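Chain naming follows the written order as A, B, C and D, and within any one chain the residues start at number 1.
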Amino acid sequence: MPSEFSLTRQVEFHETDMAGIMHFTNFFRWMEVCETAFYRSLGLPLISFVPGQVVGWPRVNVSCAYRAPLRFNDTVEVKLFVKKLNTRSVTYVFQFRKDGALCATGEVTAVCVKPDAQGGMAAQPIPAEARAQLQEAPESAYS
Amino acid sequence: MPSEFSLTRQVEFHETDMAGIMHFTNFFRWMEVCETAFYRSLGLPLISFVPGQVVGWPRVNVSCAYRAPLRFNDTVEVKLFVKKLNTRSVTYVFQFRKDGALCATGEVTAVCVKPDAQGGMAAQPIPAEARAQLQEAPESAYS
Amino acid sequence: MPSEFSLTRQVEFHETDMAGIMHFTNFFRWMEVCETAFYRSLGLPLISFVPGQVVGWPRVNVSCAYRAPLRFNDTVEVKLFVKKLNTRSVTYVFQFRKDGALCATGEVTAVCVKPDAQGGMAAQPIPAEARAQLQEAPESAYS
Amino acid sequence: MPSEFSLTRQVEFHETDMAGIMHFTNFFRWMEVCETAFYRSLGLPLISFVPGQVVGWPRVNVSCAYRAPLRFNDTVEVKLFVKKLNTRSVTYVFQFRKDGALCATGEVTAVCVKPDAQGGMAAQPIPAEARAQLQEAPESAYS
């Protein structure tokens, strides 16, 4: 049962800003891309809009600590760890490495939701198929 | 009946790229922001998701010609002109000016759509309330 | 001496995602836009590339807690508070309110930097003109 | 000598908008990503900031025609064709295909520039190493 996942990606020109580095918000986009690829690797859709089976994952808490900038064309490994698995939410830790050196660390807590009767969203248990494949990484893996 | 609209906006840091200028794709975002504000000025929603009255405006053709770069904090006037009004589509021309000087010219053709039975989109006539308020600008206004 | 600042902004179409809400990363863009406008209100540039006076503010820690989603065209007040003023860094708290209701709270710590001899960045004291105008908000203002 | 290039990419969640489709501006980002990867495949940097060898490629004209929407997780082939090679500029055509079906066609003209004495940009001939590897695709390849 997987508790880790990684992908490698290069910084795109449009992701840079006038300071010559990747804009800090794009680290969060990459975290979400990594989470999507993790689910895909499990054979699961991250998000479903099939009526009666709608699943979304709005973020409730996110953070990122930046140590070193990323630049255009840098090749970066993004590593995801399942930190905490609750009934209705999951917390991931992400590490960004360039040539092995840690450049940033992120954390994302997302809640599993479905539409409620008022057109809003209500928390729901993580779908069983996803739940069956996820497990928490040992803290030593990412700290 | 309005055929023109303008808004003023400053280039944001996240809109710049490592060349120190506004990334070319953001001109298109500004065109859409200007179109939204134009509709708001008419007391109309650009987009509606009210069941039975769904209206969307996917773009079918867009273009932009760039003459001079925009930089962080530049104050820019974006001017919209209704170039062509068809039954189911509209074409806008946009001009970007800094200190009066033309920096870019864009053109966008959007089609008015509603959901079709297959979960896709079908062209529909421009809603009457919008139609009643729109008119084409004389070509001399923007050329 | 100001310790607070606010701006009002509407959610743009391109800032939404397929879940129908503002993408979570855009809250961070708005924080930066608010910080830029705060500096502008002080008559100061946030960033300078004038040789010998280069000032940048890379983020070292950012976080956001989301309570309620923002949707297309929502009018939102973004409020900035100077939480902590150090010699070389500043921490801001941001609150996002719609119709008075708190939708999200963010925190950003940025370090004041200048280029170093190796083409990288080195922390530097906050410029005196900025320092002279900034003060910490009382904790009661934002908690 | 290559005149074509292609890459495959999946639509990311943050690239969608509330209409449930990839926001139209992201097609232009993908064109630029494809151009970057094309240069990388030639062993060339698209952009250089090495003093004395600075090369940039600001866009002067871009356009895109949209036929069918792209959705989250869609796997898309982006194909680049060198349409026109001038001394100081190049025009590319791009095709976006999903399951073989053409979803969009783009065109980008970029000018090769270097910094001028006034801190702006001046057109310069395409660097010889790039020039030596590029050739125009026959019109039949992309029309």
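To be clear about the criterion, a contact is a pair of C-beta atoms (placed from the backbone, for glycine too) under 8 Å apart; a residue touches a chain by one contact, two chains touch by 3 or more.
Quick caveat, the model's predicted, so the values are computed rather than measured.
Averaging Cα atoms per chain gives one point for each, and the point farthest from that of chain D is the centre of C. At the interface between chain B and chain D, over half of the residue numbers involved are used by both copies, so each side presents largely the same positions.
Centres computed as Cα averages put chain B at a distance of 24 Å from chain D. Annotation: 29 Å between the Cα-based centres of chain A and chain D.
Residue positions of chain D touching 2 or more other chains: 13-14, 18-21, 25, 29, 47, 72. If you sketch which chains touch which, every chain touches every other chain without exception. Those residues of chain C that touch chain A in the complex are listed here as 18-19, 21, 24-26, 28-29, 47, 56, 58-66, 69, 121. Within the complex, the chain D residues that touch chain A are 12-14, 20, 29, 32-33, 36, 40, 45-47, 49, 72-73. On the chain D side of its complex with chain C, the touching residues are 13-14, 16-21, 23, 25, 71-72.
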